[in-house]
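I'd like to ask you about the structure that follows.
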Amino acid sequence: MKIHEYQARDLFRAYGIPVPDGAVCHTVDEVRALVPDDNQLRVIKAQVHAGGRGKAGGVKLARSKADAIENASKILGMDIKGYTVEKVLVANAVDISKEFYVGLINDRNTKSVTLMASAEGGVEIEEVAKVSPEKIIKLSINPVAGLMDWQAREIAFKLFTDIKHVRAATDILKKLYKLYIETDSTLAEINPLVITEQGEVMAIDGKMNFDDNALFRQDDILAMREVTEDEQKEIDANEKGLSYIKLDGSIGCMVNGAGLAMATMDMIKLYGGEPANFLDIGGSSNPQKVIDAMNILLGDTNVKAVMINIFGGITRCDDVARGLIIALEQIKTDIPIVVRLSGTNAKEGLEMLKATGLPTVSTMSEAAQKAIELSK
Amino acid sequence: MKIHEYQARDLFRAYGIPVPDGAVCHTVDEVRALVPDDNQLRVIKAQVHAGGRGKAGGVKLARSKADAIENASKILGMDIKGYTVEKVLVANAVDISKEFYVGLINDRNTKSVTLMASAEGGVEIEEVAKVSPEKIIKLSINPVAGLMDWQAREIAFKLFTDIKHVRAATDILKKLYKLYIETDSTLAEINPLVITEQGEVMAIDGKMNFDDNALFRQDDILAMREVTEDEQKEIDANEKGLSYIKLDGSIGCMVNGAGLAMATMDMIKLYGGEPANFLDIGGSSNPQKVIDAMNILLGDTNVKAVMINIFGGITRCDDVARGLIIALEQIKTDIPIVVRLSGTNAKEGLEMLKATGLPTVSTMSEAAQKAIELSK
Amino acid sequence: MSILINKETKLIVQGITGRDGAFHAGKMKAYGTHVVGGVSPGKGGQHIDGVPIFNTVKEAREATDANASVIFVPAPFAADAILEASFAGIELVIAITEGVPQQDMIRVMPFIKQNGTKLIGPNCPGLITPGECLIGILPGNIFLQGNIGLMSRSGTLTYEVVNLLTENGLGQTTCVGIGGDPVAGLYYQDLLQMFEDDPKTDAVVLIGEIGGDAEEQAAKFIKEKMTKPVVAFIAGQTAPPGKRMGHAGAIISSGSGTAEEKIKAFGDAGVPVAKEPSQIPGLIKSKLGL
Amino acid sequence: MSILINKETKLIVQGITGRDGAFHAGKMKAYGTHVVGGVSPGKGGQHIDGVPIFNTVKEAREATDANASVIFVPAPFAADAILEASFAGIELVIAITEGVPQQDMIRVMPFIKQNGTKLIGPNCPGLITPGECLIGILPGNIFLQGNIGLMSRSGTLTYEVVNLLTENGLGQTTCVGIGGDPVAGLYYQDLLQMFEDDPKTDAVVLIGEIGGDAEEQAAKFIKEKMTKPVVAFIAGQTAPPGKRMGHAGAIISSGSGTAEEKIKAFGDAGVPVAKEPSQIPGLIKSKLGL
């Protein structure tokens, strides 16, 4: 689960990590009410779940109240990579003396939380990682000891020279780790972490992701969740035991198992089609899941053909066939559907489907080719 | 640092460990206001920092409001082992089906927190430990893993048979451990932990001690501290860098170092005297400490003679002599003082003391014998 | 021969009285696996389908001498169940449960390492040595005894591939589903080493997915240490770039994680990568000179 | 010969710029100890009294090849300082700091064990191999090179005893103050074993205190493992029964902790217990047949 920059800022502040003063606004009126008529330089930042908002014009400086109002009115409602900007963060701009990067992530290889830090902070950190990986300091954190004070200080000494900055950064790293662990985070970045001209160490921009599997024990984080229409579909699907991600193609697919679903999408592309979605109905044999899945698939107006690919293991093919028959009785559709059933009770399932007149094939490749052909 | 039973109860409740309803009262009027005129059986318990209050009559049952008032008035003001009862806990009595013991303690040998549990709970647990140590289950807790759920459950299964009780006890053990760690406790006991006739698992009486060295980070615990007059003297002494414990004898002693101070007390007893105190002035050479120490010693009206025993290491004997001379100028006293200085700058110190006319000796044994002789 | 499990394996089922645990305990027994006990706190002393139930893993292990445990307990309690098995001295733990919080698994790792426990999963379908022992939720009927080792991050895709192997007469020594979670037990390298050391295994099929760099690490390992042929397949070659990873994701994997990079890594290690699952049997046969 | 420290020991001082750290660094240097560096975050690159200062223990160790560290940092940060030294690969860590929270020490223990670090203290005066190396706050002038090993839970009482030994011509191999805290590093047994193994040590003096059962454990160890004579003294024989321990205290130490029990335990182990410190030299001499 992702949150907005302003929400990450709120968490930082709650854990004592210094951030510039600021607040989120949903309307131009709120900006007008918030910003006093002073000479403070401010920055107005679009709050959307999309990268590259700076290049898209979603980040603007404001030298006056009038400026702030004007820029906020430009940014609010703007479209960034398909996301409409509904909120802006209005924050005091600070005089930056130097930019740094610090981040925490769950690392598959070390099976631990890894702390990363670099004196080359700012937007180009990914470029730094590629070109000069030696400039990224990495530390694998022992989960039972946690981030020890001396470790945080050792990292801070690699970034800063002035002991005042070292102490401030040590403190920030410890607090970021605490925040990370206590919220079941999977990614927490401060980029840039800066030294201001006044000598303060501060988090200017932040990003946090959270473990969906741990949301059951993270009510405060869950309360921050904001979803787009597409994401809502994915969440609804999830609640029905389905894993669904909408894509832009025209071949809807329904598969059991994530790996097989991905392989199915690959197959569609391999034969020149474009998948309309990723849809995994999971391992159960409940016909209702098939009905729900078909409803989702056929509700997508981009879908021109549907490919059903089931390998029966725990899932029984006759159950899938049964669900499909009920679904097709409920949802009358003209969209062509190709069915491939293999494995447990495939024979029975295929027998049941005969009455529906749906085209059935025996391999994944055939199914993909047939679906593409029918979609044209 | 110790707290009262009612304070331990409050901590238990804050951590979700079930305790019977109740409240602390400082006066009979408070009891009158608290207890409704019903048929609830209640128990009135003296809240003093002394053991054996049951035998001393400090715990009484009350079958009615009038009963509660009468018994509270008997207990309030009562003297238990030199402590005046200033508070009573008034709590609902429960129908106990079976009593258990659980406790956590910092264990020197395993250098970890040890969980102890026994199906033989109640006041005689120390007897159980001596006579049937096999009835006490012990578990050394890995400090980095903490008390794992399965461990708490394994212990609970050794005490209880009904899965309802096992689950409740598992939960209580986990909460007690959390409380223990989060408050820098050195001892946390529930004795007895009971199953009520109604099938509930509950903490009936509890005891907690805390690490004095950790009070700097335990404001909430520190706020619970209540001290007697004697303890206040010890705390005042502590703030002056002295370690002082008042005893009942007549030979005051001032020593540098806790081990040497204990050995000095032993020596006094060995030669037939009784030490009036334990007093360690620590390792510094600050003459002010000597002045403060002498003020404490000579402020105790039981003291008939003073033995000063200094082995100069880091402490310099001339500094001690200097402090002593200033102290004796400030506090005019007729109480005889024997001085033994040895080690660093002992010669210089003894030379300085010549003018005071104080008797000086060269060994601990002589000092003890001389002080006893002078006290008569 | 085989790796990890065989005819001698004695299995207990943690969460045996739950819906999934009970169902699959029955399936495993039916396949021939020695299901010697189950654990379900509070049900100790009872039996399910002839299998004795215990309150704790320790009791179960002491009574049955089990050396493997499969975990079906719900996600919030799965990490604790793994620890219980590990501290009870169970050598091989297979966690089927999906949805286990990542921090829980991170905290488990140092202890299972310290105790010398081998962990597979969580969020995995289990493993099978065909004809000898099945642990988990794999459909036993599609497997065939033989000389191919298989490891996979996915479930049904594995069955798809195994079915193709079996249809082509390519039986398996052991097939292991390592699970799809970011923080998991045995990885490709661990299993590759075991297959390399297993005299019965002649070739290995590796089924990977996009994301992370487990496949790149495996490719490196194969290049440096493996003498036996390996054939790979990567699912998600055409999936849109991962929506969930920020800067740090790119940094930590040093730019890897895409299908292209994985395919390139395998290419460098001399490992042919199938374009679609149906090519796998052919690639294996040509590697084995069949 | 000696135990733990000698002429070759290279010491760094953590907290060297603090009042106590600076003072005792000077004292130790004056005694002849190789004080090769100090650690004080933010003062790296400076010197104090000719000793180079570093920001971290790691830097100090890399630059100086130190194998011992003495800790003078304030109590709230002492446990972290121990960990920093341990993870930097320092073999012997002496924590002088008093007032360290017990839970901090409990959390430190598994890591120093895992790293193979020897810890003395906290709340201890340090140790000395007379004529070779002094680490801590002991007054060097009272010690004499010789063949007696000494270990103690107390500070000045140790000096009292050492002074008596020295005055009686009984020099020392190494004297170790193990500290008075409930949760501490090396205990009597560890040191007894080292003295037993040290060819130069002919007899050992053990100075104990009431409370806990470290002395009982030591007596047991002596009975079972020691061939060299040991003489003991217990301080606090007449102290009023410990005010601080509840039921659990009595349970955990199985009824022990009093001076009587300790004296009895030593008696059972054939260890004479001095009634007052001045008897110790005589007891040692008679044991050594002098």
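As written, the chain order gives the labels A, B, C and D, with residue 1 at the start of each chain.
FYI, a contact is a pair of C-beta atoms (placed from the backbone, for glycine too) under 8 Å apart; a residue touches a chain by one contact, two chains touch by 3 or more.
Keep in mind that this is a model prediction, so the values were computed, not measured.
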item: Fewest hops from chain C to chain D - one hop per pair of touching chains; value: 2
item: Per Cα centroids, the chain farthest from chain C; value: B
item: Rounded Å distance, chain A centre to chain D centre (Cα mean); value: 55
item: Gap in Å, rounded to a whole number, between the CA centres of chain C and chain A; value: 27
item: Two or more partner chains touched - positions in chain D; value: 107, 110
item: Of all residues in chain B, the ones touching two or more other chains; value: 144-145
item: Pairwise touch network: line, ring, star, complete, or other; value: other
item: Touching chain combinations (by label order); value: A-B, A-C, A-D, B-C, B-D
item: Chain A to chain D touching residues, read off their complex; value: 144-145, 148-151, 153-154, 157, 163, 166-167
item: Residues on chain C engaged by chain A in the complex (per definition of touch); value: 75-76, 99-107, 109-110, 125, 137-139, 141-142, 152-160, 163, 180, 182-184, 207, 209-210, 212-214, 217, 233, 235-240, 243-252, 254-255, 275-278
item: Parts of chain C lying in touch with chain B, wherever the complex brings them together; value: 41-44, 55-58, 77, 80-81, 83-84, 87, 110-111
item: Interfacial residue positions of chain B with respect to chain A in the complex; value: 144-145
item: In the complex, chain B residues that touch chain D; value: 2, 101, 103-109, 111-114, 116, 125-126, 129-130, 133, 136, 138, 142-144, 181, 184, 186-187, 189, 191, 207, 209, 211, 213-214, 216-217, 247, 255-260, 262-263, 265-270, 275, 278, 283, 311-315, 342-344, 363-365
